[in-house]
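Look at the two complexes coming up: subunit A is in both, with subunit B in one and subunit C in the other.
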Partner chain A sequence: MPALAHAIGLAVLAAALALVPLFGLNDFYLQILFTIGVNYLAAAGLNVLVGYAGQKSLGHAGLFAVGAYTAAIANIEWGLSPWLSLLLACGFGAVFGLVIAMPSVRVSGPSLAMVTIGFGIVVEKIVTEWTDIFKGQAGFYGISAPSIAGVSFTNLHWVWFVGALCIATHLMLRSLLAGRYGRAFLGVQMAEPAAQSVGISVVRAKTLAFVISAVTCALAGAVVAQQNQYFNSDFITFNLSIFLLVVVIFGGSGSLYGPLFGAVILTLLDAWLARWPALQHFTYGALLLFSLYLMPNGIAGAFSGLAARWRQGKVVPPAVPGHSALAATTAAAASGEILVVKDLYKAYGGIVPVRNVSFAITAGKVHALIGPNGAGKTTLLNLLSGHVAPGSGSIRFEGQEIAGWPAHRIACLGIARTFQNLKLFGELSALDNVLLGAHRHIETGFAASLLGLPSSRHAEATARADALALLGDLGLGDRAHEPAKSLPYGLQRRLEIARALASKPKLLLLDEPAAGLNPQETHELGEVIRRIQQAGVTVLLIEHHMDLVMGISQHVLVLDYGALIAEGRPEAIRRDPKVVAAYLGADDDAALTGDAA
Partner chain B sequence: MTMLAIEGLKVRYGAVEALKGISLQVGQGEVVTLIGGNGAGKSTLMRAIGGLAKVAGGSIRFEGNDITGIRGHDCVRLGIGHSPEGRLVFGDQSVRDNLVLGAYARRDEDGIASDIERYFGVFPRLAERQDQLAGTLSGGEQQMLAIARALMARPKLLLLDEPSLGLAPLIVREVFAVIRRLREEGMTILLVEQMANQALAIADRAYVIETGTITLEGTGAELLRDERVRSAYLGA
Partner chain C sequence: MTAFLQALASGLALGAIYGLIALGFNITYATTKTFNFGQGAFLVPGSLVGVSLLLLAAGKPHFGNLTQAEMTMTAYALATIASVVVVGAIGIALYYCAIKPFVGAGGLNWVLSTIGFGIIMQNTALAIWGPASIAVPSPLGSDVWRIAGAGIRPQEVLIAVVAVAVMVGLDIVLRKTRFGKALRAVAFNPQAAAIVGINVETIVILAFVISSALAGLAGILIAPITTASVFIGLGIALKAFSAAIVGGLTSPRGCMLGGFLLGIVEALVGLWRAEMREITIFLLIIIVLVVRPSGLMGARSVEKI
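Showing the complex of A and B:
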């Protein structure tokens, strides 16, 4: 949403909140407004987890309980002030968020949903059965509400307070999700290996999303306990977990405004259906089915199509001139061996795609890795980039041993890559894909990003300008705002190279960059790779187009059945009898590349 | 005799018109190739013929019958085999089972068995890996499997979408040798291929597609000599 419309929207909302007393609403309606706010708080965080990071949780009632019981126990048992209890509730929420994030690192999809259901049920059982501490159904009475200047909150104050919390939460999440963190979450959801390849720690991103959702959910629970001044185990049910998820999905997961739509509509619906309790759960189930089948992007998604059309042709030019990563020649190209591989070995059961391979990559040169299909070329590349862990052997990059390192750490050292079967962030624009590539260079702290400090806005603007410059340099400038998946195949390949270059790598690994390109396009690709080399980047590419390989590389490695059978200068390799027999075939090269003519 | 006749075919993706009224014919026993840049609409055309893309206008006639808007599995039954771009193999099935599945619409057990052996002969790599799960094959091996699987249906018309994609030079030559052999056996083939030189050399006729429209047509040899084709697609 454009900044102006957003500011106006917020002002209208704030004014409406301030004018609430004029409407003479009774407590019933004030309670509904309060509940909308609470549901929005819980759903806004859950949306980060579900809609952005792509992790489904069916156990957030457990986190709601963590917040509510912390607020109750801290106030009643430990005698802490309501304000302090509220803060403590958020802190405990964060801790439990960390706890349930742990399984998400190992499992995904339905298994993760099962784990979160388990968490929710365990919490429900504990607060119900462990009556010594949690008082079960009897519950805690007399939880103090916060007060300002000695005045305890009335129902009207509560509406204002929750409204303020909602606006603050919205502003922080808006700032966070618009920048590198939001992109990282989406990247993890859309293509984990690609996210790793640009230096994003998948574990950290998922954990962060869990913690954010846990904090807002715990805050919602604490606020409910304090406003109600009473809390018992009846609040914590599996249905609450479902309800929160329905708010997110029906409202529109992955949209900043989805939780708002969901909270307003479902809270009103809930209040209206309260007369027929039997209908409530049935309705949530039906709504969940309805939105999953017919409106997978929820209400917000139905609107966003319109908004996108309106935004088209209103592309904002960058405020500052950008520097293309391709034009910027890195300081005096390094020399010597940038990467040294020794006795690298990898087996999958009986299949050994890489057996005791040793070689060195010279800085500043273009190297080609060729060999028959199934020779182990891509596996070797995956070992170098950390996407596959080696069985044994050593990989030294600039003198540092990196064998067995996770992919995102290797990426942060300056090794970038592309993928044979294109792993773009398909729903994101070409520009966002490149910005994700620059992830490790956009230096904004979490706090700065959350609060939208000028430093983080400046970093974001610079990164955008640089990304646009790079896209322009690679002939993708006029398609920067199109979703990556809508680009033709050849341009998608080029976009992968742009994304890798945006990370300003020292070593670039390309897996069949010319696959699917016609001879003319392959020729243009050769020019791009030459420019990459001139920019001081060392290149290792897997390729079957021999005219390209022979034209641009200074060193060729040949792999067959997992073993290195030859290496050397291109002209020597093309005459090597072993290579001819295993790979090139006996005819003259014009016939085999065909397109060199 | 004309096997495939397409008139004014249109396909839309949302607001984008991917095919803007394409007309072409493929005769019985002909090898016809489509060349064009990325995004020109070649794969969309293949998908429309194979029943995988929704047709917005025009008609597709196969052996004289109107098959416009027919669904993918019915196309296979009629005798149209499709080896799609991008190696869509059944990843959690073995190589052999992928081939057996390719013959799903057939009932001749002996013929299926002998065809499997035949394509193992063409692609020895697949024979070596016949019990491996297809998802564990390398990209190039999956490409071989996708071609062999399409052939297992013994189609009358074979749609080959970028068969050389990601294949080693030696195997590319094998694939073109297979196409040549299929042609000699009388199979009708519609071929999309980025290696335009080889595709034109093997083709009886060819069409050039640019942004959803056919801009040139002729025999393979004519287009190989055409200056526009040479500079735009052959990198000459």
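Showing the complex of A and C:
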């Protein structure tokens, strides 16, 4: 949403909140407003986890409980002030977010659902059964509400307070999700290997999303306990976990405003149908069953089509032109051996795609890795980039041993890659794909991004300008705002190169960059690779197009059945009898002249 | 020791129930990568339809209590068949309403749609049968059998025998028959299965019918132990889900094993402290998944890069 419309919307909301007393609402209506706010708080954080990081949780009632019981126990048992209890609830929420993240980030799909359900049920049973501490169904009475200047909160104050919390949460999440953290979450959801290849730690991103959702959920629980002044174990049920997830998904997960729609509509519906409990349950069931069929992306998704049409043609050029990563020649183009591989070995059961391979990559040159299908080329590349852990052997990059390192750490050293089967962040714009490539260079801390500090905005603007310059340089400038998946295939291949270049690598690994390209596009690709070399980046490419390989590379490595059978200058490789035999299965010297692959 | 044997017996019976439902999860998950999250609600008609038919046959209103005399082995068998058929048929409705629109779409929309279907079913049952529970006598009577000093309820033996027979039967069907091969072909690659002439949608619908029928069977088998009511389903189905995940959702034998494992652990922990059952079970599950994310017997999936 454009900044102006957003500011107006917030002002209208704040004014409406301020004017609430004028409407003479009774406690019933104030309670509904309060509940909308609480549901929004819990759902807003959960949306970061579900909609952005792509991790579904069916156990957030457990985190709601953490907040509520912290607020109750801190106040009643430990005698802390309500304000301090509220802060402590957020802190405990964060801690338990970490606890649930630890097992959760290791599993996916139905197992993830199981782990989160398990967490929710364990918490539910603990607060129900461990009556010495949690009072079970009897519950805690007399939880103090916060007070300002000696005046305890009334229901009206609670509406204001929760309204303020919602606005603050919204502003912080809006700032966070628009920047590098939000992109990292989406990147992890859409293509984990690609996110790793630009230096994003998948584990850390998911953990962070869990913690964010835990904090807002715990805050919601604490606020409910304090406003209610009573809390018992009956609040914490599997149904609450489902309800919170429904608020997010029905409203529209992955949209900043989805949780708002969900919280408003479902809370109102709940209150309106409360008179007819049977009908309430039927409605609830029908909503779950049919709304996702009619609106797969929730209410926000149904609206976003309209919004996108309205936004079209409003591409804002950057104020200051940026620097393309392709133009910026590395000052001291390194020389010597940048990557040294020794006795690298990888087996999958009896299949050995990489068999004691040793070679060296010289800085500043273009190297080609060729070999028949199934020779182990892509596996070798995956070992270098850290996407697959080697069985044994050594990989030294600039003197540093990196064998067995996780992919995101290797990426951070300056090794970028593309994928044979494209792994773009499909729903994101070309620009966002490139910005994700630049992820590790956008220097802004979590707090600065959350609070939208000027330093963070500046870093973001600079990165945007640079990314646009790079896209322009590669002929993608006018398509910067199109979703990556809607680009033609050839441009998608080029966008992957752009994303890899945006990370300003020292070594670029290209896995069959010409696959599926027409002759014209293949020719242009050759030019692009030449320019990449001129920019001081060392290149290692896997390729079957021999014209391309022989035309642009200075050094060729040949792999067959997992073993390196030859290496050397292109002209020498072309005539090597072992290479010819590997390609044609016989001593036929007609091989490799032209497009033999 | 007798207490231990008694716990083991009831654990095996409960585990057989979990295993049956878990096997249903496996069959639909294999074919569609989805399963019925609202399966708990399918146990409800499973028990209540059969019991009500017996009540009606005895000339009573559909809601009431059965006497031991009205519950003969033949009557129970007929009620079981009726339940399985009715709930199996509901599985077809489940497929068209809650699964078909979301298959292959990715995401977890199917989780919510199946939960929604379950909520509607449960509330329909609530409207028909009301919230009270019906005591169901076991066809084998209520006298405890003494085996090695341990008191074992005859219904527990019946559950274990029927469940194991059904599991073995399904295992053979899945491995040896044309239908089993077709099912595995669809699970492996639906497009390729369609190319060789398998009607993929029929197979998938059959998978949901079997899965639902298994839940219905579990419902009528467990009724003499838990009583029949609208609210018995959720807890049992959640544990069956856990059993499937722990054993390995992709492995039919893993699902059955997971069921028995869970039932026995639950019964033994209950021997120690009843209130610790759920806490122990779910903590255990979390630990198992951390060590083996795809379950004890599940196939590890590796994303190809």
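Note that the second predicted complex is superposed on the first by the 575 of 597 C-alpha atoms of A that agree within 3 Å, B and C clash if a C-alpha of one lies under 4 Å from a C-alpha of the other, contacts with A are read in each partner's own complex, and residues count from 1 in each chain.
Just so it is clear, a residue touches a chain if its C-beta (ideal position, glycine included) is under 8 Å from a C-beta of that chain, and two chains touch if they have at least 3 such contacts.
Computed from a prediction, not measured in an experiment: that's the story for all the values here.
A.B. asks: Could you look at A:M546 and tell me whether it touches subunit B, subunit C, both or neither (first, second, both, neither)?
C.D. replies: Only subunit B; A:M546 stays clear of subunit C.
A.B. asks: Just checking: does A:T378 make contact with subunit B only, subunit C only, both, or neither of them? Give me first, second, both or neither.
C.D. replies: After superposition on chain A, A:T378 lies in contact with both partners, subunit B and subunit C.
A.B. asks: What is the contact status of A:H387 with respect to subunit B (first) and subunit C (second): first, second, both, or neither?
C.D. replies: In the superposition, A:H387 contacts subunit C only.
A.B. asks: Does subunit B (first) or subunit C (second) touch A:F185, or do both, or does neither?
C.D. replies: A:F185 contacts neither subunit B nor subunit C.
A.B. asks: Considering only touches as defined above, state whether A:V115 meets subunit B (first), subunit C (second), both or neither.
C.D. replies: The answer is second: A:V115 touches subunit C but not subunit B.
A.B. asks: Does the superposition put A:F161 against subunit B (first), subunit C (second), both, or neither?
C.D. replies: Neither: A:F161 stays clear of subunit B and subunit C.
A.B. asks: A:A515 in the overlay: touching subunit B, subunit C, both, or neither? Say first, second, both or neither.
C.D. replies: In the superposed model, A:A515 contacts subunit B only, not subunit C.
A.B. asks: May I ask you to decide whether A:L491 touches subunit B, subunit C, both, or neither, giving the answer as first, second, both or neither?
C.D. replies: Only subunit B is touched by A:L491; subunit C is not.
A.B. asks: Does any part of subunit A touch subunit B in one structure and subunit C in the other, and if so which residues?
C.D. replies: 378, 421
A.B. asks: What residues on subunit C touch subunit A, complex-wise?
C.D. replies: Touch list, subunit C to subunit A: 29, 35, 97-98, 101-102, 105, 108-109, 111-113, 115-120, 122-123, 126-127, 234, 238, 241-242, 245, 249, 275-276, 278-279, 282-283, 285-287, 289-290, 293-295, 303-305.
A.B. asks: Can you list the subunit A residues touching subunit B in their complex?
C.D. replies: 348, 351, 370-378, 420-421, 486-491, 512, 515-523, 544, 546, 582-585, 587, 591-595, 597
A.B. asks: In the complex formed with subunit C, which residues of subunit A make contact?
C.D. replies: Within the complex, subunit A contacts subunit C at residues 56, 58, 102-103, 106-108, 110-111, 113-115, 117-119, 121-122, 125-126, 129, 192-193, 238, 242, 245-246, 249, 278, 281-282, 284-290, 292-293, 296, 378, 382, 387-388, 419, 421, 423.
A.B. asks: Could you list, by residue number, the parts of subunit B that touch subunit A in their complex?
C.D. replies: 13, 16, 35, 37-39, 43, 85-87, 125, 129, 132, 136-141, 143-144, 162, 165-173, 194-198, 201, 231-236
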